[in-house]
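Two complexes come next, and they have one chain in common, chain A, joined by chain B in the first and chain C in the second.
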Partner chain A sequence: MTAANNDHSPVMAAARDYPGGQASADTVRPTPTSAAGAAGRFLLWRGTDPLDIGIVIVVLAVIVTGALTTRFFSVANARAILASTSWVGITAIGATVVMIAGSAVSLAVSQTATVVAMIFLATQQFGLAAAIVLALLSGVAITALQGAVIGFWTANPIVLTIAAGFAIGGVATWISGGTTVYPQVVRFNGLNDTPLGLPLAVYILLALTAAAQWFLRRTTAGRHMYLIGENPRAARAAGVPVGRVTVIAWAIFGACIALTGVFLAAFNTSANAGLGGTLSLDAIAAVLAGGTAIGGGKGSALRTLGGALLISAISDLLLLRGFSTGIQLLVKGLLVGFVVIAVHVSSTRGRR
Partner chain B sequence: MSGVQISVEGLNRSFGGVSAVQDVSFTVGTSEIHGLCGHNGAGKSTVVKMLSGQLAPDSGRIVIGGQPVVLGSRQAAQRLGVALVDQELSVVPELTVRDNLLLGDFRAPLLNRRRAAIARCRQVLSDMRLDRIRPQQPLSELSIGERQLVEVARALSQNARLVILDEPTATLSDVETEHVFTAIRRVAAQGCSVIFVSHRLSEVLELCDTVTVLRDGHKIATTPASELTVGNLIVQMLGEVPHRLTAARAPDPRPGHSLRIERLHVPGRLTDFSLTAQAGRVYALAGQLGSGASDVLRALAGLHPQATGTVELRDRAVPFRSPVGAARAGVAFASNDRKSEGLFLDEPIAANLLATRLPTLARAGVLSPRCEHQVARSLAELVGIADHRLGEPAAVLSGGNQQKVFVGRSLGRDDVYALLLDEPTRGVDIGGRAAIHRLLRAAADAGLIVLFASTELEELLELGDVIITMRETRMVARYEGGADGVVLMRDMTRGERTA
Partner chain C sequence: MIRRPALPPETLIPAVVLAVVLIAFLCTPLISGKALTTFDVYNTFQGLAQLGLLTLGLGVTMIAGEFDLSVVGTYALGGMIAVRTGQSSAILGVVLAVAAGATIGAVQGGLIARLRIPSLPVTLATYIALLGLTSAMSGGLSVTYTNTGATLWIDRHFASIFSTPSLVTLAGFVIAAAIFGGTRLGRGVRAIGGDRRASRVAGVRVERTLVGLFTVSGTLAALGGALYSYSYAAANPNPGLQPLILAAVGCLVGGVSLAGGRGVPIGLLAGALSVALLGQIDAITAIPDYYTELLYAALLGVIVAVDAPGLRRGIDRLRARTATTRIQDRRP
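Up next, the complex of A and B:
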């Protein structure tokens, strides 16, 4: 059904005859603007938030400190920051979708990425395309299954993904026999290319961000995710297919994790049980640093890209100024803590 | 009855300039059971809150045992001998019955609370024929009715001079109600004064010695119960009895679509409800809390997964055990809990208006901002909200405007055939109420089946073409045209034991 049909529906026509309805609609009638401009105006509201002031301050601090640090503002360093953002960033885009849809976080990301990397390496002999497809399918299947348990049976995502993480890690160790998986043939060298001096993963991250942004704002499923995250009881009562939409969100997350797994495998050319590292927590940190709300209903893929870049930039800055890895981790923790508190303050202020 | 124990003199209280209680005076004697009656918004709850220390009166005074008292808090009131059984359960399911009975009883010694207090609790429990409930039992093992009984027992066991019971029987069965009455009579016989607030008028007349009726914040009369009948009690409560102003709509002769409900049953909430509703008419379900009126709507909307029965809309079965299935079959539901089960308060108004119709606006799952904006604007015009506000979050709107958005969400869709609304104008001012009523009437005129539940007589009479009264999970009667307030009130409040 299109909008034009809707406008002619009998209820609309009937209501227009009421003097009351007419009067209040006439009192404020802004000068006609282009429909697209007006649409942009009402969709923009979500973006303006007192929290952004805090983020802008952090970004300014990074820029000022960066200007005082030799080699921070250089093309080579910018490339380094982008490159170090790409793997975590790809997973974080998926984590954003799940967090917006109200399923909080997954703590099984590292293990899933590891298993996918192993599958990718073990299936090299079928060709690169087949290996990528198999890797994606397994990532989607493993993660969407968890989403189904969360969406249809309202399982607690944190508890469930801790359990799933152990199970997936166990299966990975069992099948690989606890050793490192090597490919029989290597067909993935193309994935390590650096067109225009940037790793392929950076382009994938940018494309994925744009696609996720569009999906969340412009599709029925994406918009349902905001509603479910904002008020799951109301979404259920309104007949929004909560279970199905939750599964879609987790399936997208699974595809993103799988992509990260593929790039990890291609870069390392082998995979062992520890390959995923701290990917689970790094992805969560990037999403939170961007200002997406842990409780769901607010946030965007663009914000997460910003959050991931900010964390990378700060780590890079600290590295250039000679701080230890410990200090880098500490600052990352402080940044995430700061943003989470700011999000909480700004959202409780909005709700009276 | 001998001697005045409690005396209320010229109480006044207003909220934000609106007067809720004006110059209310009455007295309660020793051993007297005093009924307090009034329709919704008459001021009963405000009086109860002032007597139990939860609200300070603007002026007037409360005298207990000859001493004017200031009740600064519930604790202060309890110290002066006022015990309250609240409308809402305030027992803790995780604790045992014994701990619940001691909860908030400041006289129970911190250590060795057992002996004296337990003896008192046992006495009250056995007075209420609750010997089957062991003090060591966790409360979570008891039914809702039994929990209510424990709460009543707690108040009665506090050796209070005044016990206030605010709707203590709303969730109880007849037998349980009898047990509560026995216990109340017993404490009254021991010299305690009792104030009994209830919608169930026959119970009030059965239990009370005297009845004070409030209407619009004023005291109308205090009458000995022996001189009252349910009929003249209702007249006191309603004053000029509201009658229907407009004649009921004649059934549309066109063979439009219909909603057939057969033997809809929700265990403990709704018993064998059957109704056939025709397109173009407004059906009103009249019933107090626990009557089953709102459960009819919730079951149809898929929110009672344990519901049984048959529901057909336009001759097709409605899969009413899931909200998604019900919505897909063309049922739109607006809950009575707008904040937690209705709107998406942090989302823009536009998003709220479109929330449930996104699939109808999309092509292959993809939305066009242009089309969305057009529909949002026409809906804003329909419900009377200026379109420059569409980008604001729904939380900033007044209650009335929020409700308009909530109702408007289900209008103007050609995939919705039945519109269900639970308390469509709860917390809405008079202007907003009229606007919402116009919207619903327009929706019916446009060919929708409209079914709503309400406790407000004016609303039922003004909006309902067919009025169905409900009480204690069952349908009582069905009225088409010619309904009058007294009859509805009697049906809803158990005017007679046998209906």
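Up next, the complex of A and C:
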């Protein structure tokens, strides 16, 4: 897998917020012979992905509309966008790792985050550090267990995570008696701090993105994940421990979900069955909007951060311009669909 | 030594699940202390009407190896369109809802079939967009259906256990079963789900069939949503993921595999009926919700285990190993 970005234009180079490594089909391009091709070469757009063009158009549209909107380009609004990205973003980074490793998606995220939040609040009396460790451990254990079933038994991730969602939700209601969980003592106020005017979760998100990016690009397990996502059979034949690597991917996902759960708990100071909300789908939407392919083998943590930020920025822009939540959702869906199609077309060009 | 089960899983799973659930349903008087009435049966069929068409729509795409997540969005939109446009004429509302559902399905199917995109991300995007559209149409609030005449008409009892929505749902399954059993289409759909390339080589019109299937799933979901919101005299802009999850459970216990290539409409009916019966058992016995959740988890867990190729390989390997040791043991 080589770095295969042929940046012919400075605009494009600047627009690529992701470094190489994307196993793209744009390494080999038929030389354009038509007049349009010549014109394209003249414009230095030859060999550019439709995906990149699309992303540039969307980003430019946001910038232009933003410039025409009062208060969009302000420090306070930038903070608001970053803050609203942080919770979903943290989970989405974990979801990226799992999607790259070929396990597609999890539909049990909301329930897992809810349970972790409950555990975090119920263990406050042991101290903040202990509560965080317990929350992370439970998130990792619950999610890695699903990863083990998927990795070692090649179970279908969608069916399995639907089942896991029922099981986690059921057990949580059973133990909590279906009531809201309140902490005995509050030790988590520090998590709601805003150093330099940004919520702590934003720093965690940025650190996680950097860590995940490094992990996926520079470690053996990370490289194995791309291989498994690209072609599980080839990975198995090449001696990659598919089961173990899949479990690692899901364990990372579990830790990310748990972090989101901890921040949700600290922010809401109590947890009920509905706390997780639409986290499952929001996270998938962020990953897809970043251009990670659902089939696995392609994508990066940085792209997901970009996708999550783009969704937040567009929602924020629509909000500032007075559009309803419905319109914000509609545009988000259209954006995700657009990116999914563009990613697919650009990665299969030449193959079809 | 290859042992084949007596019945294929697409018959075995729904038959066993439906039998178990039916027995549980018949045993509910032991817990509730009240005898079952025809009204309980009527309510079961109402539950079937609520999820049946959604299950059928999702199921036919799953048989072809796709997964139409957008059905729950089309379901919500269908209900909203029907309520918004059908205040004076209920029929007009249903027609418009169904037309919208069919259009959405056809566009999605066209994209998925022509560009050969995996259906999950595309339909997820559509789902989000449709929820937004539904919410924008209603201002995010539930909309009441004021045409009480139509609501009463729709919930009339037929033969004391059926209503219009449940009869329409059953008719949908009967038509689907007839088409699947009586024409080449059924085999074609299963072939597409089993091995797309081979089915293309064998002459199945893959693209056209897929567009048709997504159109059908959109139509059925919108129809289901319209009937449901008429019956409840209100349209909910965001039904959540629950209807989709229950429809998926209905499909899976109906013998459909997410890998595709397996399943029949009658199995889907059995699956949807099982889910409806479980809901009714819940309502009659008033057992805590988490029992049902854990039961669903267990059911799906069994299906996951049945469908996991890695698990089967592991068992085969284990069996082969024990067989070899047995032979070695026999040697002097």
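Quick note on the criterion: the second predicted complex is superposed on the first by the 300 of 352 C-alpha atoms of A that agree within 3 Å, B and C clash if a C-alpha of one lies under 4 Å from a C-alpha of the other, contacts with A are read in each partner's own complex, and residues count from 1 in each chain.
Assume contacts are C-beta pairs under 8 Å (C-beta built on N, C-alpha and C of every residue); 3 or more make two chains touch, one makes a residue touch a chain.
Everything numeric here is computed off the predicted structure, so don't read it as measured data.
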Partner chain in contact with A:Lys332 - chain B first, chain C second, else both or neither: second
Partner chain(s) touched by A:Arg236 [first = chain B, second = chain C, both, neither]: first
First, second, both or neither for A:Ala104, with chain B first and chain C second: second
Which superposed partner A:Phe152 touches (first chain B, second chain C, both, neither): second
Which of chain B and chain C A:Trp174 touches, first, second, both or neither: second
Which of chain B and chain C A:Leu227 touches, first, second, both or neither: first
Partner chain in contact with A:Gly295 - chain B first, chain C second, else both or neither: second
Shared chain A surface residues [contacts with chain B and with chain C]: 352
List of chain A residues in touch with chain C within their complex: 104-105, 107, 149, 152-156, 158-160, 162-167, 169-171, 173-174, 178, 280-281, 284-285, 288, 294-295, 324-334, 336-338, 340-341, 344-345, 348, 352
Residues of chain B that touch chain A when the two form their complex: 301-303, 323-324, 326-328, 331-333, 335, 340-348, 350-351, 355-356, 358-362, 365-367, 369-376, 378, 380-388, 390-393, 395, 409, 411-415, 434-435, 438-439, 442-443, 445-448
Chain A residues touching chain B - in the complex, by the definition given at the top: 1-7, 9-16, 18, 20-21, 24-25, 27-30, 35-36, 38-46, 218-221, 223-224, 226-227, 230-231, 233-242, 297-298, 347, 350-352
For the chain C and chain A complex, residues of the former touching the latter: 67, 111, 115-118, 120-122, 124-140, 237, 241, 245, 248-249, 252, 258-259, 288-294, 296-297, 299-301, 303-305, 307-311, 314
